[in-house]
Each structure stands twice: as C-alpha cells, then as structure tokens.
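Labels run A, B, C and D following the written order; every chain starts at residue 1.
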C-alpha cells in the first residue's frame, strides 16, 4: 500500500445474514474512531458499478446493531463478473475517493473481491457473512449462530405437535453444501436422525434407526435434513419412502426456508460482527489486503482470501459422534 | 341431569393447539376447587375406547400452563365413528365412575361429543381448541392468538431477507376453510396482499396490485396465502405465474407449516383457557350439557354444540377493508 | 365541522407502548387512501408548540408496523399545560395547514386534546396507547397485549430458576392505578397469588396462602405484584415481611421495569392499531370530533373523550374468581 | 481407578443455568450408550447426603434438552461442608452402587467435588454450569450464551422506550465477580458505556462519556452495569449521581435480575452441554478423575479441578477495545 487510506467503502453481497448490519456499524464506527471517512455502497457490487454510494458517519448506523437483513441491501451482480463491469466499478471508487473496500458476504463475494484486488491492486478485506458457516478460515460466519437459534426454536414448536400426535417430522434446513446447521441444530433440537451433505447415511440406516426408535417406545421423532443431503431424496420423497416402508409412521414435512436468514442477530453474532469490523478496518489501515477476517480458536485472525475461497469448512467428527450418542 | 356429578373426564382431540394444556389445568383445578374428581383421558376418543385414563389432582398439572401441545396427547379416532366404538367408550367411562366429559378440540371433536351425548344422554361440554379460529360461537379459539404471533414473527424474519434483496415472497399459512390467520397475520405483518378462502381476489387483481406496488417504488413484498385460498393456485404455482407475468420480480415461497401449531401459548390463550375451563366444569355442575364454552364480546358464553358445529365463523368485513387501506 | 379536512396531524404522547408505530402507519395510510395529507408531529404536544413537523406519505411508514417505541418520539409537555403554549401550538397547526389531529396516548394525552378542542374548536380524535389498559371505553389499549406477553415470558424464565431452587419470587409489574397486567399475566404465568390496586388482599391472606401452598408440597411460588398494589408494602418490603414470618421460604424479588413498555408488538396490537387508525381518520373526515376510538365487544367504537378520561377501566370480577380457582 | 465403573451419578448444584438439563440428558444417554447405569441425584450434594436418588434410563430424559432450569433441582448444601456430611453422602453412593460422579455447577460445586475426591479417592468429573462464565479452563460455561441473548433481548426492549423518550437507562446485569455478561451484552446491545468489576472506569469518565454523547446529538443512552462493578455505586446511586451532575438527562434504572438465569437454552448451550456430557462420562470410563470438562479453542478439553477453581477467567482486552470503538 503506497498511499495512506483516507476513505473506506463497505458493502454487503450475496445472501443476507443476521449480523451484517452490526458489521456495517462496526466498520463505520471504526473508520470514525481512526478519523477516516466511510462510504456505504448499496446492493453489493452492483451498486459499485452504478455508483450508488452514501457517506456514513457514526450516527448513521445508530440503532441498527439489532436489526436483521442489511441496510445496504444485497444483490448478486452479473455485471461484476465482466472485466468491463469491474472497470466501471473501479472508476466509481476512484472518483469517490474510496481507497479500500470491506466486503461482507460469502464465497462468491470473496471471489469477486479477490479478482478486483488482482486486477487493480486495490485493497480489499472480507468479512464472512452467511448463515451456512461454510467458509474456511473462521469457526463462525456472521449469522450462523442466529440461524441455529431460529432453527431450534422452530423445531421446538414442531416437537410440541409431533409429541401430541406421535408423528414423525422431516424438517429441512438450509445448507446446500455444508451440514453445519443441520448437525448442530439437530443435536440442539434433540433430533432422532440428522442427514447432511458430508455423510451418506443411506436409506437403510434411516429405516433401521426409525425402527429402533419405535421399538424403544419413542413414537414421535424429528429428522433434520440439510438441503444438500447426500441421501438422494428430498424431504417430500423421504416422507413417501418412509410411509411405504414403515406404514405405522404418521409422517409430516416442514421446510423452514428463508426465515432462517432473517431475524434479530444473537448476542454472539452482534459481538462477532463488532470484532470483525474493527479488525477489517484496522488491517486495511496497517497496509494489509486480500484477507478475510475470521474467528479462529476464539481469536480474531486473518486468512488470505484465496485460501478462504478454496478451503472448505469441515464438519467436526466429534459432533457426529455426539449426535449418535444423543439418540441412544 | 338426575344425578350429581362427582367425577369429570377431560380429553384433547383433533389437531393440537397452544393453550390446550392450560385448559386441561383449568379443568383439573376447577374440579379440585369444587371437591370433585378429575380424570385425564389420553389420545382423545381413542383413549376413551381403550380405557387409557389417569386420575389428575391439582398438582398433576403443575408447570404446564406455558407448554405447547397437550400432555394428554391427541388423536383422530376412527373407532369412535362407529356405534360399537362409542359403546365401549361409554362402558369405560361408567366403569371408571366418570359422570361427565369436557372435550377440547374443534369441529370434529364436537361432532363426536354431540353424537355421544345423544346416544347415551351423557353430559358433555366442549372447549374450542384449534389455531384456525373457524368455530362458530366464540370470537377466539384456543391457540389462535398464539398462532398469529408465531406467523407474524416468522414473516418479520422473512421480511428482513425480502427487503435486503428486493424480493417477493408468497407465504403460506394454515387455514384450510377459514382465512382468519391469513387476514390478521397479513395485516399484522404488513403484507402487500392477502389471499383467503372467503374471497376470490382473482389473479388479475394480484398482478395489478403487484404492478402498482412496484410502480410506487416498493420493491419487496410479502403476499400471505391461506392454505385454502380460492385463487385456484398453490404458492408454488403462484410463484410460477408471477414469474411468467412479471419477470422483473424475484419470487420466493415459504410454507410455514406445522410450527404454527406449536409453541408456548400467548398470555391471551393461557387466560382464555383458564376461563373456559372454569366455565366448562361449572356449567356441567349446574346441570348443563351439550354446549361449547366460548368467548363472545369479551364474555365467556355458552353455545349449543349443534350450533357451534353447523355455524360458521365469518371473516370480518371491516378487517378486509382495513387490509386494503393498509396497502395504500 | 364547517370546513373539509385536507390535512391531518398525528402525534404520540405520554408513555410509549408497542403498537404506536403501527397506529401512526395506519393514520398515514388512511389519509393517503382518502387523498388527504398527513403530517407527523414529533415529541407529542411539545413538538406541536415547537412546530416540529414532517410530511408523511405512505412510503414514509414502510417497515415500521413491527417496531416497538414510536418513530415520532414521545414526551410530556409542561408548556402545553399553559394557555399560552396551546395558543402557539394552534398557530403552528394553522400555519402548516393542519386541519385536525389524531393523538395517540393515555389519559393525560386525551385531557390535553380535550382542552385544545374546547379552546379552539379544533377537531381531535384519540387512540388509546398505553400498556396499562387503564382507559375507559376500550377493552384493550395499544401495547397491553404485548406487555402481557412480555411479562409472562419473563415469569416463565423466572419460574425455571424458582423451581430449580424451591424459591418464592415477588415479581413487580407495571400498573400504578390498574391491576390488569398483574391479574392477567398472573393467571397466564400460573402465579400463586396476585396483588393489585383494586383489591386489598391483606398481608394475612398472603401468608395464609403461602402456608397453604407450602403444606400442599408446592415449594416454589410466584407472587405477581402490581406497582400500585394496595397491600401497603413494595416488593422489597414484602420479601422482608415474608422472610420474618415464614423463614422457611427462600425469597427473591424481581422488578420487571421498563422493558414491559418495549418490544415488537404482538399481532393483536398491530391489527388493533391498524383498525383504530382507520377509524380515527375516517371519523374526523365524517365531521366527528372529541372522541376516542376503542375496541368494545370486538368492534371498533367511539367514546367521547370526556368519558374516556373520567371513566375508569374496571377489573373483571370473573377473572378474580378464575385466578382464585387456578391456585387451588 | 482400580475398579471398572458400572454406575455413574449425576447432580446439579449451585445457581441453575440454561443447558443443565441438556447436560443431564447427555450424561444419561452416554451412560446408556456405554451400557452402564446412571443415577440422578436430586438437589445437589444435599440429595447425596439424603440419598435422594433416581435411576435414569435414556427415555427418562426425553424432551428436556430445551428446558431451562434443572429437573434434578439444585441447592447449596451446608451439610456437605462438614466431614460428617460428606461421609454420609459417600455411604449413600456406595450403597447405591454408584462408582463415579458427574457434578454440574460452578466454583463452589467443584470445590465440593475436589474435597470429596481427596477424602474418598472417589472419581469425579465437573461440568461448568453457570451463566457468569467466570470459570477458568473453559471459554464458555453452560448458560452463558443463553443469558447473553436474554440480556440483549431485554435491552432491545428497553431501547425502544429509551429512544422514544430520549432517556438514559442504567441496566444492571448479573456478574458479581466477572464482567463477561456486561461486556458482551453491552457490545451486543449497543450500550454507550459498560461498567464491569475488572475495570475501574471512574465516575468522571462516565460523566465525560455521557456529556460527549449528548454533545454528539445522541440523546438516549444505555449504560450496562455489572452487579459487581468497581465504580463503587449501585445503579440507583448512579442514577442519582448523574441526575445531580447532568440534570438534562432523564434517568431510569432497570435491574434485570433472576430472569437471566432461566429460559430455554440457546442452540450453542444445548450443543455444548451435549458435548461436555459425553466427554465427562467417557473420561471417567477411561479412568480419569478430578477434572473439569470445558471448551478451549473450540475443542472439548480437560482442566484439573484444582486449576479450574483457583484460576480466573479473564476479560478479553480486545473486547474492551472493541467496546470503546463501538461507542465512537
């Protein structure tokens, strides 16, 4: 970084997640703390291309720490996937005097940032914001903890009715490529079985487990299913399959859907967002670039964007085992 | 009623709803207050047929006022639809010395109770427990208020992500025959449009409304759809229809499902349950039978079961108008 | 009303309550629906005196239906208690072309509105917004239902720890002059005893009740106490008194305080606010003035402001009885 | 450990915390998984002395993972502080064939366990359950995460009314010796200032901060105060002090109290409880004793009980700095 940073831009991109507003607030206030300017960029990279900017002082982020969603809006930008789009975006940043970027989002967001950095030697710093927790280089992404609480609260409600009627519920939760939500929320909600993308349990094992459960007198059950589970059937097909093979089960399906992305962030996500925002801005001011700030072993830590993109966030083997034991 | 009532049976039947436990507690404690015995009957009419009974003293219902579901379990009983099944049930009641019944449930539950009363001149009293609020003779059924809060909390979360992405969501809520949940939760959640069984809005009007909304700069929208809406398309078909006709809209679907039936009851439902339980038991003790206890104009009131079954709970025209005005 | 109303002002005054924002939104949108203008007045009557006004179109109230507090802020204005203050306020309204007022608040707010109406023959309409439910002419004030849910959720948490330790808790809830919150939330939370301003239970009865409770094996208890209870001791004094007289009880105190006033409104309060806002504006447009819009027997109804101020909202005797029976 | 463990006892002791039930469930099911017996001991060490035991199979802990409090009850036992008391307890364990203990609680609980282990060479394993997070050897105690969410939800509600009235609130949270709750919830809730036991901010700094805040146009504020803060004034005295020195502030106080200890555990606490329960039982089965199982750098880890008791859980300096920056 040859030149001192005097103005930082911040944007949210990709799927929104609870805690993004707390992160925006942290970036804005950390800029103010260091007497540099901050500019909010609307609708992610698309707003960068369209020059949709807004100066943000510390009061502009008052009373947003607890809000779900993102006040800067989010979008997926096809234009930013073109060299031309990025060139226009870069010019907008230059014209606005913005010296560096903090981007809040997931894999796709970081990929865009890294390309942008490579093309223009432009300082960028990433903050992982996605409920899926599928980012390498951080134990927790923003919104993940909140989503887990949303899911267990929903399943707690479903269990009320499952128990009253002795029913089996297949509950589909988010996580196309990663089973973190399903595994943790499944343990948290006391699920009978958990189906995730990382593990092919197999339909036989599922039936076996349900038969065992029934034999032991447990007549109502919750099976948590990750969107991207490897069993090769979606929740509606699973329902049919079980009804055919275990007709004594009264089966229902619930797809939790997009509500998992919303809601007021948990305290954990608000504090994490505050910490990551400080680190992102201060790392840029120290001349660092092209990193993601994350949480590793309870400490804020930097991971090169390239690694964050290429690496994958593994399921904890210990948790798989805990999950098995809990359904004894 | 020739004979004094010394023991009352209580059961829950049909779909469960929040507040059923508070009603059971109220029935049990009102019996204790009047120094008569109370017996819990498990799994609705099926448990009556199977003699699945349990004596319940005032301490047996400690710490259940706030629990969703029903500790007595619920079921739909095919056997009770037969004269033979009901005869067996009646004998079980006689043998157990149970002199009268309080049944908590919906239309189907009341129909069973009325037939039973007619066949055996057996004292019965109904308490309306269903989230759909589709019972004539009460402004509120047990669980309805709780379900409304569950739905608006879910839609509040969905709106976070809808706003962040400028998306249109079709949110399906419960209510096969009645639009009370959709209409009230739709107003409460600030929905752009509400589709209910009682009103055929028509697809044209929906498109028109969405076009107007878009023209006015409102780029994200929530449309609340009752299960039994009259528009002739389910939420997934609605999504396709809108995407074809208004391709600028980014449409998503969320089916809230069974979680609407669970959860800790609202204060309103707990108080209502307590009031209805007292009235049900005391009405039986006064020699009344074959009524439903409900809430009419804020007062606890009796409606003959026959009317409760045949009548229908109308949508409030004023609310339809309020809903229109709110989307101005 | 000789002159047609073309512009309506809306303000919130006195203690805030959940649902005020939903009422503001309803007033603004009903104005838009009828093609008249709407002006928000900040900080209640104080903002009227200071001319702190803001034009409000239908989009200005987007996404506020679910927010606690009031976006127009609230205040108690000493200046408005003077004839001079009110004269200045009236001139500001005239200069701004505001033809009529909707005021959202409690007793004090309505008193101010009535005087203002009398002095200047100025059209006013009141909407009852206070958590205490202490207004004559409406079965429910805005925010009351939400506050009840907040209170029972808090007591549910307190009961967890009360039960784990066999402790007695005195929980103080809001309600200086009215015991509605204490009585309903007490029933809803399964309280052992409820102390309210309307009823002097007496310390002897309290001790007796606790002794009976203990004898029956109920070792943990919740006593809900209204701020303005008539027993002559606050919760801390009650704790001391019980510890002296029943030393076997391990007593704790919890004063729920101002959190009862905040939080996202319940569905009931949002719908009620929407209905009352429509009725307030349309009543003004019909030439009516000096009324409060409220809910009576489930219908929106008008009560002369004078009666709303002078009348009192009575405690339901049936509920007192239900409360007794529930603690059997 | 000369002898194979065939039966494990589990108890909860000291202040209860959300997640204790999930931990009990995990201990019981892990025992079942390894085909050993499990015995629940009621009311902590007191129940050990009184032989208040109950056999617990895997079904006995069904549907408790989401419940606050502890189904085994908790207590502080004076008798267990005597050698005689512990001797009786040891005999009860022997007679019941209980070979080892899992104790769930805080410092006091662990001290008792360590003494017991020393006196009788009896295998013990501790699980940290307390909302205060003041235990050395674990980054998170059971219930801490839940308490943080409870606190921020309460402050979110208080902020609604604080903002509506431009008021300053002192909010007292739990934490007699440790400021973890105050610091994290304060950051999470966007508090203006945070007073904790570990740091003597001084009254001058508080006034200065409030003056600065006021000058910057921020008219409503939340100050979070830990029970054991070092400033030498409780929240009521702080209110008086600020009112005297900054009379333009309208100050209110809220003491959150015991509700912080209750409530359904967060997903984090449920999963943590499940993990720690597995580790506690399996460590005993491996012949280990006198350790606490905790979470260190995201991994389940053992710390000798002696260290857990003597060590102290430090406030994170980085968080103090983040807190400062957030109030810019």
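Just so we're on the same page, a contact is a pair of C-beta atoms (placed from the backbone, for glycine too) under 8 Å apart; a residue touches a chain by one contact, two chains touch by 3 or more.
Since this is a predicted model, take the numbers as computed values, not measurements.
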{"item": "Distance in touch steps, counted as few as possible, from subunit A out to subunit C", "value": "2"}
{"item": "Chain pair with more C-beta contacts, A-D versus C-D", "value": "A-D"}
{"item": "Chain centre separation in whole Å, for subunit D relative to subunit C (CA means)", "value": "36"}
{"item": "Whole-Å gap separating subunit A and subunit D, where each centre is the average of the chain's CA atoms", "value": "28"}
{"item": "Multi-partner residues of subunit D (at least 2 other chains)", "value": "156, 159, 163"}
{"item": "Category of the chain touch graph - line, ring, star, complete, other", "value": "ring"}
{"item": "Complex interface listing, subunit C residues touching subunit B", "value": "25-26, 29-30, 32-33, 58-59, 62-63, 65-66, 139, 145, 148-149, 151-153, 156, 159, 163, 184-185, 187-190, 216-218, 264, 266-268, 270-271, 274-275, 278, 297-300, 318-319, 321-322, 324-328"}
{"item": "Subunit B partner contacts - residues on subunit A that touch it in the complex", "value": "12, 15-16, 18, 20, 67-70, 73-75, 150, 154, 156-166, 169, 252-255, 257-263"}
